[in-house]
Amino acid sequence: MLSGILPPLVTPFREDGTLDLAAFEANLEAYAAHELGGYLVLGSNGEAGVLDESEKLALIGATRRRAAGRLVLAGTGLESTAATIELTRKAAAAGADAALVLTPHYYKAQMRTEVLKRHFEAVAEASPIPVLLYSVPVFTGLPLPPELPAALSAHPRIVGIKESSGDLGLMGRVLGSVPASFAVACGSAPVLFPALCLGAVAGVLAVACCAPRPTAALYHAFRRGDRETALRLQRAITPLATAVTATYGVPGLKLAVDLAGLRGGVPRAPLPPAPPGARAELARLLAEAEAAA
Amino acid sequence: MLSGILPPLVTPFREDGTLDLAAFEANLEAYAAHELGGYLVLGSNGEAGVLDESEKLALIGATRRRAAGRLVLAGTGLESTAATIELTRKAAAAGADAALVLTPHYYKAQMRTEVLKRHFEAVAEASPIPVLLYSVPVFTGLPLPPELPAALSAHPRIVGIKESSGDLGLMGRVLGSVPASFAVACGSAPVLFPALCLGAVAGVLAVACCAPRPTAALYHAFRRGDRETALRLQRAITPLATAVTATYGVPGLKLAVDLAGLRGGVPRAPLPPAPPGARAELARLLAEAEAAA
Amino acid sequence: MLSGILPPLVTPFREDGTLDLAAFEANLEAYAAHELGGYLVLGSNGEAGVLDESEKLALIGATRRRAAGRLVLAGTGLESTAATIELTRKAAAAGADAALVLTPHYYKAQMRTEVLKRHFEAVAEASPIPVLLYSVPVFTGLPLPPELPAALSAHPRIVGIKESSGDLGLMGRVLGSVPASFAVACGSAPVLFPALCLGAVAGVLAVACCAPRPTAALYHAFRRGDRETALRLQRAITPLATAVTATYGVPGLKLAVDLAGLRGGVPRAPLPPAPPGARAELARLLAEAEAAA
Amino acid sequence: MLSGILPPLVTPFREDGTLDLAAFEANLEAYAAHELGGYLVLGSNGEAGVLDESEKLALIGATRRRAAGRLVLAGTGLESTAATIELTRKAAAAGADAALVLTPHYYKAQMRTEVLKRHFEAVAEASPIPVLLYSVPVFTGLPLPPELPAALSAHPRIVGIKESSGDLGLMGRVLGSVPASFAVACGSAPVLFPALCLGAVAGVLAVACCAPRPTAALYHAFRRGDRETALRLQRAITPLATAVTATYGVPGLKLAVDLAGLRGGVPRAPLPPAPPGARAELARLLAEAEAAA
């Protein structure tokens, strides 16, 4: 069910800080023109952690309405197992096709493999929709136990993982341990091409929010066996991808979305707007990435 | 306003997972017999991250009712500035004397000094009660910018910090940079005595939930100048303190609270119960700590 | 000049701890039968840090004698620039074709890009042979400044890098910033295949010491465009590669070399022999890797 | 045998990079006027890692000649057990009273407690002089196994440790686990006063090279029970201590030694000279530290 490039949709806010659902839908309308594999709503780049439940459900509903049959993946992971189950059920009711469940991570030292396994199993047991794991150590501070995906892949409703560490040794180990039906999505754009070489089937990548065309082009070049083009596109999008994640984070991504003619805006506090110097740099990197596609 | 030992109250749940407010109040009744400086409700050891808002306010209210004039510190930090402000106001209305505001930390790389400064200032501006910073890198993965406390200490409603890294070089640097009126509380029991030597005025310490007597005794021995006793008590409580934090975490702390004759119980999932082997070890360490007081 | 698979030769010792040059040469004789791109003598897996200078030069000389025209790369990096220059000159005189220069790393915080740049330039200036950078953060604790290779690639005698972090985002960034003539070797076997996809031209890999056949087969499958075989071999060697590095380190690698019918032996103290349980596991992983080739 | 403040002597070089023994002895002559507990020669701040054996022995000999009965501690730790033993014997012959043995650390993952234990025991067995452990994770990247000191304290020739992590939780755990005869020296100046409160008996501190007077004054104030003065001096030396370690490293320390009227000079490459801006800052911090004594 999971394949291709999925942008982790940004969440636009109005000047008064309230959710701007119209801007969000306008972005989806624009993405419809690109060869994408679906959408992730309520990911880290969607500022899920600063949205309340009603905002979350409104965003899922809007994505569903505008997805035109594409896959709608919704982030539903919270620190509590029970709260995650409740939100997953509501997400399903609001139209999500599958739930992307972040590893709980506040009590890092206690989040051993068995504990995480029970958490994901409990969520999957109660979920009306398929579940994917979401590991993003740069935010959670919790590395993925390499044996966890295989241990969970036997569950009929746990169907894949978004692995965002960028550690391809780990991804290779995961791919070597799970059945072919278990989908591994790459969550780190600078390693998208080598991840596809290893067997990843999708990319859920911030850079696809501001540069969907070259990102999708990389994926499709790979799929049709044109590795030279894929590698060229990889080198073209990596600087932009790094700028909208490691360097400038969500504020930079939202600015790049603006610069791409879509609706980004500024994040919710305490996340600040992107610094003044970012605009020219992002514009240049965007142009370079687009020029390569 | 902040001095002495404050237990970061654990949150008991019934077998069905719902909040057990009666058990929580029973603990407060027991703590009344000890020479404590107040209470922290909704800290990391209180599982604040898996409680909903109504549970949080009920816990603050119960603490207020049972505090008998002692300081009631309530954890109100959330990832969003606006949500933190809202919860801080409700906490004040529910009876909190001061708010302990955790550093937002999900977007770690963006949480630079200036960003954190604006967050805490915005919360303090809007808060009806004094605000203290709460830095606990073992959970947040975010080290405290050493210059942040001094930068905030000029604000009339930012009155102190709970520094839980255990890094006394950092604490010394903070103490050397803030006015004497800015309260520094030690949040790492194994360094309580040397932190008091450096100038910390309080300890907010998990071990005080299960062993309030020797922990308070250490503090009072230090205050009256009896450093030999303080050092002896430090050595007596360190193994227990380590067991109920680094080794067994909240599950171990709640078990130790049970073993001390109070009401701990098991944490909310995904936090598991303490492992079987922990019981005998915790009982022994508790007995050793109590014997020293 | 650098291409293909190079084993980082292990250094056999006699029971009394002295260098066993005959065993070392016997290994080289056995490697002659495999399609390798050359040899690295005095790498981390060769225990360079516990060899004295006369042992080092004897090992380089023996490698030269037995290399039969293959590339002889010699590790010459020391903490001091002057000492590195002196050893590099002696290595060249002893027969090394090129020097692999480890990043100095004891004073980590001071090893900024400019400082490392001057170090490598000074070594290259004085070296009679080409120089390659060697970055291996698992041992040095020093991440490679991503801009360093490009900054050095203009120097006519700095011709490449062995990048052993396994971070393909970093490797991609390096490959995107250096001229095509600058050779990037992968030093982390679990990511060999994706590194080749990205543009790496060689692999200097511990696993090639004990399993040269499947490791070389992976490389040659990739070169002839048979990516399916390459990916299959990648999955076959990864568990062995992990065992002889991350899990059991040099002691495990030397045991695996023994089990492969070559001469490994035990490391110099304080490195211990591999633990008893390692033997059966390594034998099984070796058999599985060999069966795939 | 170990008590008080010991400067970890810097190693002056002439302009041509050769050892300047006369400058080194001039420093010792100046230190004679201060109430110090002895000297460490060949520590991290003495650039031991870039000195050859003859330079090392010359420095030990010079320290012995100028020590006037004070304790001469010599750093003799190398990566190899056998090489450490050999250097320790030569150090003893050259006049060292005791050997400070750095944890071997290149093969970090293999340096488990048992391996380190065997290393230190082997060195102590063969050593003609008492041995102290030296743990400095900022350089080695290897944290001290907390149980190691107690495991080694039974050996009659292993008499103490220099613990330089600044982690007083760890130091407290060590102090609580070793006999009173086992000397614990603090190697992190910003925590000297609280370390003394915990039971440390000495400080081996870079800041004592450039500011021996206030550093020794802190120690002696503590010894005579004047904690107010000790705490005041702690706050006075911490900024300087941080500047000559964390901020500017050995280059900054050597410049501060120059500014104090002693002989520092520049480090051996690749360590660079201190940056231009450091001079004024160090001069100011030196003046402030001296003014407090």
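As written, the chains take the letters A, B, C and D, and residue 1 is the first residue of each chain.
Everything that follows uses one rule, which is that a residue touches a chain if its C-beta (ideal position, glycine included) is under 8 Å from a C-beta of that chain, and two chains touch if they have at least 3 such contacts.
None of these values were measured; they are calculated from a predicted model.
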Check the residue numbers that chain A and chain B use where they touch, and answer same if over half are used by both copies, otherwise different. same
Farthest chain from chain B, comparing Cα centres? C
Chain centre separation (chain B, chain C; CA means) in Å: 49
CA centroids of chain C and chain D: separation to the nearest Å works out as 35
Residue numbers of chain D (touch at least two other chains): none
So what shape is it, when you link every pair of chains that touch: line, ring, star, complete or other? ring
All chain pairs that touch each other: A-B, A-C, B-D, C-D
Which of the residues in chain D end up touching chain C in this complex? 17, 44, 49-50, 52, 79-83, 104, 106-111, 114-116, 118-119, 122, 138-141, 246, 249-251, 268-272
As the complex stands, chain A meets chain C at residues 166-169, 172-173, 175-176, 188, 190-191, 193-195, 197-199, 227, 231, 234-235, 238-239, 242
